[in-house]
Each structure stands twice: as structure tokens, then as C-alpha cells.
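Look for subunit A in each of the two complexes below; its partner is subunit B in the first and subunit C in the second.
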Partner chain A sequence: MKMTWRQTVLIVSLLLMSTAAVAAPQVYKLGVDGLACPFCAYGVEKKLKAVKGVEKVDVDIKTGNVIVTVVEGAVFDQATAKKAVTEAGFTLRGFEKIPQGTSK
Partner chain B sequence: MNAKVVLKIARNLVIVTVMLVVGGWLAFVPSAKESPYRFVTAWGEKGNGPGQFNDPIGIAVADGEVFVSDSRNGRIQVFDLDGRFKRAFGTPGEEPGKLGRPMNLAIHRGDLYVAEYFNDRVQVFGLDGTPKRIVGKPGSGPGEFKAAGGVAVAANGDLFVADFYNHRVQQLKADGSFVRQWGTTGKIGVWAGEFNYPTDVALAPDGTLYVADGYNDRIQAFAPEGGFRGKWGGPFAINIFGPFNGWFATATRVAVDKSGNVFVADFYNQRIQKFNADGAFLTSFGTPGQGPGNFNYAIAVAAAEDGTVFAVDYGNNRIQKWRPAGRVGR
Partner chain C sequence: MTTTHGAAKVTITSLAGLLLGAACPAWPAPITFNTALPVHEGGWVLREQFVLSKNADDPDPAADRNMRASGLVSVLGYGVSRDFALFGVLPYLDKRLDVNVAGERVTRSDEGVGDLTVIGRYTAYTSDAPGRTFRIAPFLGVKAPTGPDDARDDLGRLPPTVQLGAGSWDFLGGVVATHQTLDFQVDAQLAYRANREANGFRFGDVGGLDVSLQYRLWPQRLGSGIPAFLYGVLEANLVHARKNRLGGIRDPNSGGTTLFLSPGLQYVTRKWILEAGVQIPVVQDLNGTALKNDHIFNAGFRINL
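Up next, the complex of A and B:
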């Protein structure tokens, strides 16, 4: 069967879209009690960034929410988050995976 | 028990309560001995361009220049005393010359000392930004740090470092060799000589060491030979926080002026407080907000030779300049 150029473009586009979906990072929202100032926010950030697969950590000291972005395929569960937060000297009070596209 | 007795007991309870409140207020809430400082100007906004900040945290002043640790941007920015941008140095990273969340700063004999939280070290630069040397490495042993928060330098070149996560203050020789420490490594405490996440240190002209004992909401002072000299911040200075004169809600910076007065950044109370060398409250300035003279978390302070005070307004991503308004009263 001879493939038209339109079919070729369509197949390549679908392949790119599926690759992008597989490689999309996962985002988690952690609730952390006791965050008071950058000194402790940086401590949580430092510990979480040391976890394999974590590529970005955003800490909001006003709300106590920590947004963690993890690369696709990496293991990041509540136990991992709790260990990092506890080692930083704080208490994990919430852990949820945020559906992609709603992380804000 | 008849109504008369109940009324008498109630009246006595009210009297005792009032006496306790008044007595507590007189004992633990000092009045100002100086008038507040006068707001002069502010500069900065959020961003990564010249004169913009992303988490400004530390500040130091020397030779007509203001040095600011622009923490999340991983750099030091330098301004003149009116806030005009002069230069910047450093980028985020671990290699020499790069910075991992620079925190409180100190200047000593033409060198800038930068406590680095992420890199667990103190990095020394020339005031022009030339990287000179690195002191310390990650860990909990002698001469090692777990999140260096602040640094002070003695006349002989010894370093005093607030070792935040190790809950101690270390004294090191200029080459990084260990001299001694205050506090027990890794142990939080509220009594004299113990720490709860120390954030910064300062040395007075007479050699007194002041420690911002961050989460104990107090300042501790130690004599040059190392002995405990005193502490202040709330009743008995035992981790009781509050908004009153002389109390703190997370002390993130301690700085000393040339006369020996002590300035403290009172983070959650959105103000700078000033004390004499013995910890007697003198005055405070700053209120919450985004306007002139307002702070959105006051995180650091530094005093210039002429008495001008520069403060870091963390949440508003700006630097504020204040001047004394003149003495009043006693």
C-alpha cells in the first residue's frame, strides 16, 4: 500500500503526541505543616530535590503547599514524600497527585 | 456558698488577673527608648534582570555599596547606597564561583563571605566578585555544615557560622579547621547555649558573639572567651513568640552597628527591631504590607557606617533604606 504524504504527516503527528504524553512529568501537591520562612522552605526543597526523579519543587510558605514535579517513570509515593519532609524537620499533612493540566 | 461569697471570689479573681496582666506587661513588654526610623526609599521587584530579585535574603554594606544575596537567582547583586545597580556575580550551581541558595552575608577586610544553604559551605569572594576560597562541606562533623545560614568574621580571620540543621554555631580558622562550637550537634534545645535552627551570627566590636536563634524566637549572646552572656526575646527567652516590643516571631538575621547596637530581622512580625548591646529594646520599624515602609516578611538588615539601615523585604522582592529619626525620651 502506498502511503500519501498526508497519511505520513498524520502518523508522525500521532507518534509525537503519544511520545509527549508518555514523557509528560507527574505533578504532586504536598501539604506541609510548620513551614515558617525560606530557611525551612529551602530545607524541604533541598530534601525533595535529592529524591531520584524529582526535577522541580515549588514551596509556598503562606499556604504550606509544596508542588513537586517528577519525571515520568520515577517512583514518588507518599512514603517517599513523608521521608523527605520528615528528614527536613516537618510534618506531611497531605499528599495528592494532580491531574496534568490542573497543577495551578 | 451564697451570692455574696461568689461575688467576692469573682472580684478577687478579676483583680489578680488584672495584676498579672499589668505585671506581665511591665515585666515583659518594654517601651521604646528611641523614636522609630524614617523610611527613605525602596528598590527592586520580582524577576531575574539587574535590580530584580527572586527571594532576596541576605544583605551587607561596605565602602558605599550594598550587597544582596538574590537567593533563588543564585547570585549576589551590588548597588550604591541609593539603590542604583552596579554589578552582579554568581550563577546557580556547585562549582567555585557558583552559588547554591546564598543566605546571610558578611564583609570583612575587603572580602564578601556568603553562607550557602544548598552547598553547605561558606564561599569567599572579593568585593568585585572574584571567587577566592571555599570553607566547609556537607556533613555534621567538625568544619562541616548542614545548611549554612549566616557567617561572621573575627578580627583574626576566624569564621563563626550558623549551622542551621546541625543546631549549632561553629568557630573555624580561616582555613576551615575547627576551633569550637556552641550547641549540641543535631539537638534542639531552649535553654541557655542551646539552639533551635540558628539562622545567623554577628560579632560586636568588643568581640561579643550574637546568635539569631531562629525558631527559638530569641537572640543569644556569648562572651569572646565563649561563655554564655545573655539572651532575649519574649518571657525568659525560652521559645515564646509574640508581636510585642522585644519579642520575635522567627529571628532570621542579627547585625551589629559600629556602636554595638544590635538589629534583628523579625520575620513574621514584619519589622526590624533595634536593641542595645545588652538586649534592651530601643525601637522598631516596619509594618505589614506592600507600600512604603511596609514589609512582606522582613528577613535581613544591615547598618551602614553613617547609621543608615538597609533591610530586605523578602516577600515584596525589594530592599528598603531607613534612617534614624532622632532620639527621644530618657
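Up next, the complex of A and C:
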């Protein structure tokens, strides 16, 4: 049986979508107290990036929010976040998982 | 010898700038003294600071002393834990004293690595809130006699003020408090350095009270992310030095009190800081013919490693 080009495109698209779903990163928003200058942000970034599975850290010093992007399957919980933030010299105020597509 | 003793005061003032000032860790912090802001655990910070101290206002016209001390001060900080940080301070110094001796103008000078100072700082109190922090951190330090203290020239042994090292184990301690917000930062420090005797000479102990205001000039409105900051800096340093002792006898032409006002600028990014400032002595109440300070210039950078 021959596949039509439409069937081929559909199958490839489904495969790509399923791959994207498996590798979908998880996004967390941390509230960090004590952050008040650019130089301070470096320590928080460095400590969070050292956590296994963390692939991106975005700090917004105006709000004190830190967006952490973690690869699918990695363990990143509040205790892990608190440890990293504390070792950086600051205080974890909040921790929440953000539904995909609403990280900003 | 009056000339030598008077010049000793110069070096005390210079060292106050070089050592107490160089004790700053590599955080956005005062230019001339310490801060209570943290060094992250396991993190390294580096500060390189050029310091130039000029002292040519001599109350003794016959001696007409002119002392110039410059130094490249390296500070390496390490965060042992969230609250405890260690700092090593090593200056490379160039000291030069021009003075009239027996009707002849002579220059006494030396250049090289000075004494190593190691400081431990513990953050005893922290209060964090969104966009602000308040911290109090006492610190203790020791200055080891790693620099040469027996240098000589054609005229003989250099006076203690021109030696690169003091030859003694000296101790310093104090407490620093920092209040930092997104718009400004205020630091205040109380510090004391107890100097000990070496080669029959003892520099007078030095006490200092410092305050600093760093105000964000740019950007006027904060955007998202991590924008770079330009701080305008205004600091005040009150330094009191006790009289030096030579052979156990106090030198009446040494020691005294100086108040510096120190304007400056800092450009702060997440990775590095550029800064410059000048300490201007607005009040100098020195003993006898102790040589007065003209100014102390500071410039340098700090890097998050």
C-alpha cells in the first residue's frame, strides 16, 4: 500500500509533536528576597544553573523574580530551589510551577 | 628624627586607605571600605584597585617632605558558606619620599610586594525583602609581615614609612552594616587596627568610622532583566591614628585625625564593576609636624569569577 504525501506529512508532524511533548521543559518562578543590584544576581544565577537539569535562568531584579527552565524529568522542587538561593546568600520567598506558555 | 617620624603619619594615612580600603570584597560596595553583602558559597571574587596617595603639605618647611605612595592592591574573596567569607589582600607598592637632609634634597624609595592581609567576615544578621536587604557583618583580620622591612639605600636603612612591609603581625577588626535597595545603598563601618612593634618601631593604632551612599543615577527607571547600574558614590572616612612609638617612646609628630570626603562613580554589571573615586581630606588635625595628606585616588575593577 502506498502512502500519499498527505499521510506522510501527517505522520511526520505527529512524530515531531510527540518528541516535543516528551522534551518539553518545565518552568518555575522563584521569588527571591534581598536581590537589589546586578552584581548580586550573578550568584543566584550561578547557584541555580549548577542544579542538575536546569538549562536556563532568567533574573528580573526589579521584581525579584527568577524564571528557571528545567529539562523534562529533572527533579527541581522547592527544597532544591531554597538550597541554591540560600547558598547564594539570599532568601527564597516563593516557588511555583508555571504552566507551559505562560512563563512571562 | 623628626622628618622620619613625621613621614610615618603619612604612611599611616596611606595604609588606612590601602589596607582598610582594599579590604572591600568584590560586591557593589563602598570604594574605600568594606560591605556586608554576601559572597555566594563556593564563589570567588577578584578586585584590583589602584591607589595613589600624595602627601606634600609639610608643616616643617625645612624638611619640605613630599611622600607619594601608590599601589596595585589585589583582593581575592571566597565564599566559605552563605554567611562566612574569606578575603586575601596583597598590595604591590611604590613608595617615594623626597626630603631635605642637611641642606640636600634626597629621595628614599622602594617598590615591591607589601604585607599580606587575611580577613574573615561573618554575616551575623540578615533581613531580606523584595528588592532590598539589610545586613550586619563583623570581621577580623591579620596582617602578616610578608613584605620586606629592612630595605636600604645609600643613606642606610629606609625609614619605616618607606619600607614595603611593617615587619610586624598586626590585627584588625570591626563591624560593617549595609542597607541596599534597588535605588540606593548605604554602608557604615567601624574598624580598628592594632599595630605591633617591629625593629624597635611601632605604628600607632588606627581607628576608622566610614559611611557610604551609593545612589543609582542610571537607568532612572528600571527595566526587566538585569540592567547595568551607574551609581554616584559619596563617602566619608574619619580616620584617627595614635602616635607612633620609637624605642617605646611616643613620637609627638605623628598621629592625629583626618576626615576625608570621597566622591566617586561605579558602573555595575552582573559580571563586573568599574569604579573610581578620590578621597579629599577636608579636616586634618594632626600632631606636631606630621605630614598632611593631599588626596588619595582610587580606581579599579571587580569581577565575579
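The definition used in the following text is that the second predicted complex is superposed on the first by the 99 of 104 C-alpha atoms of A that agree within 3 Å, B and C clash if a C-alpha of one lies under 4 Å from a C-alpha of the other, contacts with A are read in each partner's own complex, and residues count from 1 in each chain.
In the analysis below, a contact is a pair of C-beta atoms (placed from the backbone, for glycine too) under 8 Å apart; a residue touches a chain by one contact, two chains touch by 3 or more.
These numbers come from a predicted model, not from an experiment.
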Subunit C versus subunit B on the shared subunit A, clash or fit after superposition: clash
Touched partner set for A:64, first subunit B, second subunit C, both or neither: second
Which of subunit B and subunit C A:91 touches, first, second, both or neither: second
Which partner reaches more residues of subunit A (counting touched residues only), subunit B or subunit C: C
Contacts of A:39 with subunit B and subunit C, given as first, second, both or neither: both
Which of subunit B and subunit C A:31 touches, first, second, both or neither: second
Steric overlap of subunit C with subunit B in the superposed model, located at which of 2-10, 56-64, 74-82 or 146-154: 74-82
Overlapping contact positions on subunit A, where the subunit C interface meets the subunit B interface: 36-40, 42-43, 46, 89
Parts of subunit A lying in touch with subunit C, wherever the complex brings them together: 31, 33-47, 58-64, 86-91, 93
Subunit A-touching residues of subunit C, taken from the complex the two chains share: 27-28, 37-43, 79, 82, 123, 126, 128-133, 180-182, 185, 222-229, 268-271, 273, 302, 304
Of all residues in subunit B, those that touch subunit A in their complex: 55, 57, 71, 101, 103, 117-118, 147, 149, 164-165, 197, 199, 214-215, 250, 252, 267-268, 297, 299, 314
Interfacial residue positions of subunit A with respect to subunit B in the complex: 36-40, 42-43, 46, 89
